[in-house]
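Structure first, then comments.
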């Protein structure tokens, strides 16, 4: 049997243990750190303006997740994005709830100036960033199916220079030319808070050690989809049990039990 | 066998999937989101001053939990409470540690001007808000038994126009006239951080879809008490296992496994 | 069989239920609270400048963990440390990532003026605080083995008047004269976020009820090492399962199932 395409990338994360600087939200910070530890990456969360630029420049990859913004977090995010871009470090933008709220929609647009390596969001968020009319989402959930925004995602990728990943029942990843679909996963992934946010962090970890951002993004998505499907096997777990199993399964896939 | 009184309310949450805007604390944000997802609600945490009012106006219900205040969170909470009141959206005040700390006691009193739909706290907190002398609590735990503050709770409800819920070994819910007791639960609920805070969020979810705030509050309390008792059955779980089971059990009650 | 040395200390925590005021980071706040609840302590997180001094003065012990700094958290930490020192309350400094980032290295040095009772960190952090050349760490992980910094730790203890604990495969605790090693634990403790941070909180809980800071620090370390080893027994758990078991095991050791 041929090993899956993501085997080498996951092994590179697990062996390289990249430092992933996460500027993320208060809801998912702990879960995100545990996901990164499970695959062998080294998470670190620094969210103050004085330190985020210094830290972004020494990190292997950076995540900027807009979930719970504050004035200081915004300054830290801008500094980190600029520093990562300047230092040639990959950084991932997760535009949580962009489109639903004017302030962060404007902030996300400003962040695009610092050339994110990857943009990961649900269909509503990606459509909004791409400027598609009528795509305003509802809070943090998507009101648009992921396959409906493939063309806007391609346009956003072409315009921004970023790889764009649309999360949904099927994930789509595009660099503006190629479009890769990543099936798999399980509906339970939507019933545990932070699974999508943790995927953004995984993309930063993969991009730290895999040269091609499209491959890094696809492989991170595929690893999480595989873990998400495996963790749902057997007697149907509740969402509490499922969250625990998802972490265990990621560690298993990374050969870290 | 007659189905319990809360069946219809829980089903309304699960089917209506109300957006619950939580301004809550850094300790319990993740657990709160997982509790809301388990019962089928749609959690979203926005805690900056620029966005909280806009978001409160489009949410089904709003939670304002005073656990970890900051200057910016306070501005966001005031804006959200005012916007929810103006838009006719139900909002829940959880006055964590009010009475023990002067600053937040004053802040909570100010929030009462925006007419919370529900106030949920332990006996110390409710007694303090009601102005009962000698009720100063000790941090976040209650130093007063819940049944000792039924009269102050009724007075607070009458004065503020809010439904008041006192959490304890038995929960009491009052609109100033009627008093409903909600027994059940398990002592393990006090050994997992955030169970009371998550109840405040559940009340916001129930109030979003159930017209009568007293019924919404009682039913949310009863669902959590039922889940809390069920999750403790069988060989006595430790608190780590219990937290996982509580989430699973809530999903089971909501028919979401 | 002689009961382990920490039995009396853990019992004192469980029976005394000390209020532990944690100024900590957004990643580990929930896990830390659950660890404290498991051993019977009473956690409370207050992180605003207006309240932290008042709260530190009434708490049994205080934790100041520098993980996710913000301007307001720094003011709150300084106030809390000063208030704890003035009121004679034990307080624990956890200098997360000090040495790797200039801003927090300077901030940690300032906090030393308020005479921490205990300083707990990994080898890189302790070496940096002690001013050992070439000890700059890499984010939150240690790049130095714990036994390499015993002499710097002793010097830091002598200079600061604090008990100094170096976490690693073996923990070392020193008051500048005596050095106690605490073996045990399991490598899985490094694969769950917040275990080290929670140890800092446990030290604050133990120091609240045990008169001798060296004994309090050693006993807290030994209890966590014992729980960490016990939780890894049997079929090798994944890190998600292990985190749950660690909480359960701490509650078992504290006689709280």
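The letters A, B and C name the chains in turn, as written, and every chain counts its residues from 1.
Basically, a residue touches a chain if its C-beta (ideal position, glycine included) is under 8 Å from a C-beta of that chain, and two chains touch if they have at least 3 such contacts.
Given the structure is predicted, the values throughout are model-derived calculations rather than measurements.
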Task: chain C against chain A, contact positions shared by both copies (same if over half, else different) - done: different
Open item on the list: Only C-alpha atoms count here: how many degrees separate chain A from chain B in terms of the superposing rotation, rounded to the nearest 5?
Closed with: 120
Open item on the list: Could you work out how far the Cα centre of chain A sits from that of chain C, in whole Å?
Closed with: 31
Task: Multi-chain contact residues (two or more partners), chain A - done: 26, 29-30, 70, 72, 243-244
Task: In the complex, chain B residues that touch chain C - done: 25-31, 67-72, 97, 100-104, 138-141, 190-194, 236-241, 243-244
TODO: Sort out for me which residues of chain C touch chain B in the complex.
DONE: 19, 21, 26, 29-30, 33-34, 37-38, 42-51, 54-55, 58-59, 70, 72, 243-249, 251-252, 256-257
